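Each of the next two complexes has subunit A plus one more chain, namely subunit B in the first and subunit C in the second.
Showing the complex of A and B:
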């Protein structure tokens, strides 16, 4: 295997895990609430700005800012749920209404971030020594490796929560059979608010990781992350949080490896071709199941 | 006659605001008895059961539990008070294991880990097949086995009232007989059983009191004795429902 190919795979894995977190947050919200969160990318960017503010104003390092960011985003979103989502149930088509509502939230958030932070691209000025680590032919920025480790810890925490705790199992249960959770005495509204908080809390934390891995962020790039989120959940299976991770890694590795051999535009197309091919072969995504829908 | 454990009184329920499904329906159910609800398709039987559990808002009337008005209580609160519901369509979480489905059935007392374990073990003792398949996803089980999981999950709450909607639908006759015996045993153990069933003969056999609904209204009701062979009520129901009861 050539050094370049190995480099592409490593980069793809790092990107993939971070993309997977974007998809997992989007997937939890969609799976539990049937809400298409078009503003997910804006919440990712807001997370980056929040970390930037904590670093600039309070000197809190980005990795230390993650738990705080998650707590703030979770808490605010938990409350925001009760303002935004329950009224949708009265609509003739709640899913379409939710899509339009969150599209509006997306535009509003983009405009607000532009107003508050200006249009200039910003970056988290955070460096680690040594700047690069070398593994044979592969050179990886240290901060990317630490970001990968942080992302994997978040994935492990998320998996533990979803598969080992009562609330996590209830969240998975509501994705499988929303009507049935009422029968066992679960407060659906409260659980839905937790899902909304969790999804957006993940978006906030992922925003910090993207700001560490990519050179800069601005109020205009939220839609790009939303698109990536949709691609990976379609690949992995709608409503399946772990499927999103698998889909993301496949998408990112394809994109990064293709970028070695083709120009960047073609590489991006390769990622989307993978998605289209998956839809043709397996319309429910890699881990999605028709029965769950 | 003892006072009813659970009752709906003069209940009117409408879907989408203006399609009335139940019109001033009253049903009373007592402890230690099976209360059967029968009627043709569209009579409002399942709607009545959902109303008992609080899944549908009332337009008028009331729901009482142990004589207390619980009309405004949400389903999760009713579950917490010992009302269990087994709906007609599968209500399991397909990709979760039997054990996880039962664990979620303990949601209302989930913080009491000892009680959760004790209740699940009691269910395994009652339905040994579930212990054998505790780690299997319920989607891999047969229809009858899945019904056992649903019954077991309902019993986890140690319910005083158990609501059963077409519990033997889609089951083989031999398995169905097993379930009717089980349902009767719930009442014999002191539970209040409210049973909706299309199988009029079986329902009449195991019920202590039968309610007949037609087009969302009370048509008639009577005790098991009043439905005995040759009774006027039995003949009326048979003729009216176009059923061959025997």
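Showing the complex of A and C:
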């Protein structure tokens, strides 16, 4: 009984950190660019396919593929930024327009992945010895544990970048006040491209982690990840990079613990009800501030 | 003396404004009448009503969404919930309770209104928060319906309304729903209520200061925007005879409503109609010619639209040719 509960909490923590990374990527893009990246989930899935391709074709192990994936995704989306985002400034409501633009990107990417990789669910055939680790009543697959460690390292790296480096501080400054940042002479345009690259690079790496933790992936599950990403950042506080992590862990632990006692769809309801209730009590999320809006 | 001149000038410009408004409303009314008349003739002239039926459905969905987005500035990502609940209300009333179809359709409208009242507290939220909470609530609703006993909702198999088949009558029912939606938008654009809504959208604090009852006014728009998709869901269920739990609450329905309305231009009266017609037409052609890459092309069309016509078709035309503002609202 308490062993099951403990198992649920552990699973929740592992998924929470991964959901948190999805949310963090979304949050950086939204906070800095005010772009609602509806295609984030598709980039996550694309990351999983990229790792699958690297493993199948070149024999590169998933954990080694992470830095490579990040570099490729960062580079491509850094360039993509200049094609997609600047024209949005002409719209009456850039936030809603960005949502629709990225919705178009999301549909196209889903369709492209379907054409290239077919509709079958794939999985990364990657295992570690021993397959399971047992801690008293709790059994955790080794891959999940290593994925958790990798995710935590990414979170640490991200936090270091955002809070200790010049570029990261400038990005947070843009989130806080875009206009003031221009006045002090920070190049908003170039930093926005970096933020776009960073957000999508994170999505790609997170995709590898999801492929390690969840049994399979297919071209059209991207929207599910996007939804989870939005739920956790709204829960944690929009535009607050670390708030997403807190929201995600809360959401995932609730969902996983509830799934012990009820069927999976009731567990999902519990997760969403938690989010809706939180928003009614704290309309800006757990760590959000009014000034961010 | 001077003040009298001034008063006369103000009076004249007010009269000109009113005249312009009346002209725009008349143009929009004529356009809507033409659309309704053309669609009414389709089943008489051709045997193939499928495209016209879905055109009416999407015009209804996009125009009703325009009431809440264009007039109030709220973007409900979970808009599909009204459509799905309307479909299920009609299906359950017909299949389980044995009501006649017209009564079942009334029930779907009532269900939509009740759900909108239930969700009304979310109007306190703003921007992306409102959108995401709306999406989460729609997901919750879908899961609740999926978890109801299957002798009511049919479980994951959905409901099949086999004996109700009447494509002709259901076609005209959809026409009626669409006409009602368009009339409501037309009425709203001219009424004091519509102006109050736009004032609230632009600055709710200022609107409250000049004596507009902000929550009540918003609620009326919200209820209207919920009623029509619920009716459309009910009629569509009747037309196809099938209610599929996955499809009835699919995100793509919300997304298409938003995209079609946006393509035409939110906040314009005729925009959602134009947007739905153009994009649905493109979608239809793509489906016939390139079924394999249909979704890919649809996605690319949306991207191109947002990059090159960020205000939507009607909005961009109005921006490029401001003199047309006299005629098009």
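In this text, the second predicted complex is superposed on the first by the 292 of 293 C-alpha atoms of A that agree within 3 Å, B and C clash if a C-alpha of one lies under 4 Å from a C-alpha of the other, contacts with A are read in each partner's own complex, and residues count from 1 in each chain.
Quick note on the criterion: a residue touches a chain if its C-beta (ideal position, glycine included) is under 8 Å from a C-beta of that chain, and two chains touch if they have at least 3 such contacts.
Bear in mind that the values here come from a model prediction, so they are computed numbers and not experimental data.
Asker: Can A:155 be said to touch subunit B (first), subunit C (second), both, or neither?
Answerer: Neither partner.
Asker: Kindly classify A:13 by the partners it touches after superposition: subunit B alone (first), subunit C alone (second), both, or neither?
Answerer: neither
Asker: Go through the superposed model and pick first if A:179 touches only subunit B, second if only subunit C, both, or neither.
Answerer: After superposing on A, A:179 lies in contact with subunit B but is clear of subunit C.
Asker: Between subunit B and subunit C, whom does A:36 touch in the aligned arrangement: first, second, both, or neither?
Answerer: A:36 contacts subunit C only, not subunit B.
Asker: Looking at A:105 after the superposition, I want to know if it touches subunit B, subunit C, both of them or none. Which is it: first, second, both, neither?
Answerer: A:105 contacts subunit C only, not subunit B.
Asker: Contact-wise, after the overlay, does A:87 reach subunit B, subunit C, both or neither (first, second, both, neither)?
Answerer: Touch partner of A:87: subunit C, not subunit B.
Asker: For A:213, is the partner it touches subunit B (first), subunit C (second), both, or none of the two (neither)?
Answerer: neither
Asker: Check whether A:280 is in contact with subunit B, with subunit C, with both or with neither, and answer first, second, both or neither.
Answerer: A:280 contacts subunit C only, not subunit B.
Asker: Under the touch definition given earlier, write down the residues of subunit A that touch subunit C in their complex.
Answerer: 30, 36, 84, 87-88, 90-93, 95-97, 99-101, 103-112, 114-115, 223, 227, 230-231, 234, 238, 263, 265-266, 268-269, 272-273, 275-276, 279-280, 283-285, 293
Asker: Flag every residue of subunit C that touches subunit A in the complex, lowest number first.
Answerer: 69, 75, 121, 124-129, 132-133, 135-137, 139-140, 143-144, 146-147, 251, 255, 258-259, 262, 266, 292-296, 298-303, 305-308, 310-311, 315
Asker: Show me the residue ranges of subunit B that touch subunit A in the complex, using the header's touch definition.
Answerer: Going by the criterion above, the answer is residues 53, 55, 74-76, 79-80, 85-87, 90-96, 100, 103-105, 107-108, 110, 139, 153, 157.
Asker: Quick check: in the complex, which residue numbers of subunit A touch subunit B?
Answerer: 166, 169-170, 172-173, 176-177, 179-187, 289, 291-292
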